[in-house]
């Protein structure tokens, strides 16, 4: 974990409202599923840093995580991301990271199934490149197809579902998942809350282990403000629940450990 | 008076920390001494608009004030001006203006003497181009010489004083004024408070009429917040003083009307 | 997610009635931030406003405080204008006529340093044509009582509002100060005294120090904090006030856009006032009204039904 | 303009003494914003701090509130953590040892729902090695008294501080809530009860509403406002407190940099705490200390002499 001032290498529009941001960083010891907190403005409004998953390590050879920088992929949804989108190469941003636990490596022999929706694809790029497997990509329309650009991984297969049917199967990505749930499978999911909830329940019902990467509003990113709490269920038979921090205990959780009712 | 969204035509660095900003504006009915309130940020911090004198009208022919835009000259001194300096052509800024009373035209036959210090030169560009006369330019060093670039006016004579003696007379600009104070003279001054105070007293003592352009922190620029008050003296023999608003009663005042003690 | 409160929208979904007065929409300008109204005519269509609340009026003209009177703060500003105003007589004679023919309500904000002052101002405005209601600013120190502020002591608040109630037949809005521990006590005091509506919040007291000069920036040391910085406090207080108030509430504090105004309405306000925002954009209040209309259409909900529609977990 | 208060600077111009404790500089971290201290070691040199104030401790571990617990506001944030903490026993056993050998003071922030709770926590911490002082958070509702908040009622504040005073020989800092009409009354109450120092301000109560869902953003409806938005209110309260306080004051509320910290010192604080700023820059508090050192050199003034050096017109 470091707090550094990083130079912007590039900040290119991929499609209307979608950007990829290259940030210089000498020694990013980043793992698939890690995120960073970015200071998008020097001013006091917006005040808090914004969390973004690491898309990939720049200049990394093969699957090694050493490199010269990191690339983020973000969508403009509010003030912070809008300010970010106006930044130009050469400007400097504060990065705090890498943060979080990251995805646990799949046990040998298990078949990896990744489920994503929208920007949920970000943290799975690194995972896919290491594990390969099946990527179930959910989008609203085929306009979001570019999010798949450059995805690769040992024997990686991609299946797509769009809500409007303009690419792949018409409907939700969870429909694709249905067909993949079988013994010997481990699921990794990132995307909107509703999707994660559904994925988690489906996996639970099928007895398949599933890791979800959650998002919560964050202030510190390092487990001290206690702001990003989600309730977790203890599997000790007792009604013993307590709060886990998405930033430091997560953002990746075993789907069964989350009290989805409260989210 | 208008409140418009204006496109930035240019925002060029003149020297380290000094910029000239061209703003598109179809019908700027601007008079020498007018100012505008600029919204430097879409965000809420900094919250208030910032006041800037109009340097000149862009595209104006001769001394007519019709044109296609306005040019401002500003120095980066704090957060607002620093944000402003990062803006690029094509971006849009809110302008409120033209505001204030402007300089009164000199009576026919009077010799115009202008006294400026630092950025105080801004509102005098338009005046000089119309009236000509003598411009007493005060600066810290000859590095501020560029502020004189392009100054012209019927028979305009420029005399300079620098604090470090690197250009013109060494010392304060008020020393130059000393020699110009005579019957038939009218003085226009803009610059730091200390200078204006001295100029006003000197003129008073010499029986010369003097107009000063003041600066105060402003919130509204249109006389409604009552924030930019200066105390004015009534010359009715009584101790009758009341507040004038720099934005709407000024920024140009007769030096004798200001209660300098309270500034 | 945004289930409409009612399927069928009334004919004038923006209209609200407060203290028996019909306002075309719930957006007013806040006292001290809109002059006497006419100043904004070059920049905005003041007839699109629910009401204009004018600068606080006193019995005699007041010069106000020496400068500096304002200073910017993070997402806000402090002011110490010292209630400079032309006085109630000049207002009636010179300022009010400028708004003649303008089809919007004018509310006169009033204040005094003694209860008698307040009563006298109220009496002078009683029945004046073109003034729809009085808003009583009780955030003033009572000079007779050694400077304790009317607005932070429920007994004093009760006394001043009762006295004014007897001096005028006009609708009364009592404007509360946020510098109290429990706003509900103040709401009750104003209601008991016969106010027809409550407005809140006035400014929070604050201070900025120039660390190079080691002096307060404002000549009066402290001033009133306004702007978006105070909005969360204002929304909370309006919500608390709404729990106990029987009269309508007019909410304000840091409203910059329609979204902010909606927070106040949903928290329990029947109308809102836009203050500091008018300095940054003289058209801000009208834009708020436009935004409320859009929300009303999108969600098929009237302002009346929106008031206090907050759902708790 | 910045005339030096003293020509000759003492040897350790940054050092301040509060409640008999020597701090190497007047910069502390604020409770709830710096964890239990060790979490920040990767990002900042915690030995450069005057003190670390740890997250509020209760008698038993507390789970805190359901989420969402935080929301950003203009130049600030609301939090409703619900005082989640490991409890005083686990703190002593597991968290405190992580700071062993770290040469800075650790101050334990404590709270309870009853006076007995507070006393018990204080007793457990009494004499614990590595803890230099207790900071009493009185911004908590007294469950026995029907939920009225200790920190807004001077009598309750007096009772809880007196009781703790008797339960421990440790230096006591009483942390005041800003949600009161007159902070001076609370200062007096805490002093009368035997506190060794005062710290202020805790958060202002605020609320943010999601206008699409018509629900409060925070699960608990209201939360505590912190960050630069509240700084002018905090500086004003510290200044007011300093007019009456006989014990030293520790000031906080929206401090982002050394300039902000200087406002508090000049207003009358002997030390400051940096809160929300540590979320934005984990090195913020140390940077404040560095900036104070620069100011001290530039103006040839010690922190001690700076305290309360405000000149009024």
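Every chain is named by a letter (A, B, C and D) in the order it is written, and numbering of its residues begins at 1.
As a convention for this text, a contact is a pair of C-beta atoms (placed from the backbone, for glycine too) under 8 Å apart; a residue touches a chain by one contact, two chains touch by 3 or more.
In this text the structure is predicted, and so the values were computed from the model without any measurement.
With respect to chain D, maximal separation of chain centres occurs for B (centres as means of Cα atoms). Two chains share more touching C-beta pairs than any other pair, namely C-D. The mean-CA centres of chain B and chain D are about 46 angstrom from one another, to the nearest whole unit.
Taking the mean of the C-alpha atoms as each chain's centre, chain C and chain D sit 34 Å apart.
Separating the centre of chain A from that of chain B, both taken as means of CA atoms, is a distance of 54 Å. Residue positions 44-46 of chain A are each in touch with at least two other chains.
Under the contact definition stated at the top, the residues of chain C that touch 2 or more other chains are 74-76, 227-228.
If each chain is drawn as a node and touching chains are joined, the picture has every node linked to every other. Those residues of chain D that touch chain C in the shared complex are 1-2, 73-76, 78, 152, 179-182, 204-209, 211-216, 219, 221-222, 225, 227-233, 235-236, 239, 254, 259, 262-263, 266-267, 295, 309-313. Contact residues of chain A toward chain D in the complex are 1-3, 39, 44-49, 94, 96, 216-231, 241-243, 262-263.
Within the complex formed with chain A, the residues of chain D that make contact are 32-35, 39-40, 42-43, 55, 63-72, 74-77, 79, 81, 84, 227-228, 256, 276, 278-283. Those residues of chain B that touch chain D in the shared complex are 44-45. Across the complex, chain B is touched by residues 41, 43-46, 79, 83 of chain A.
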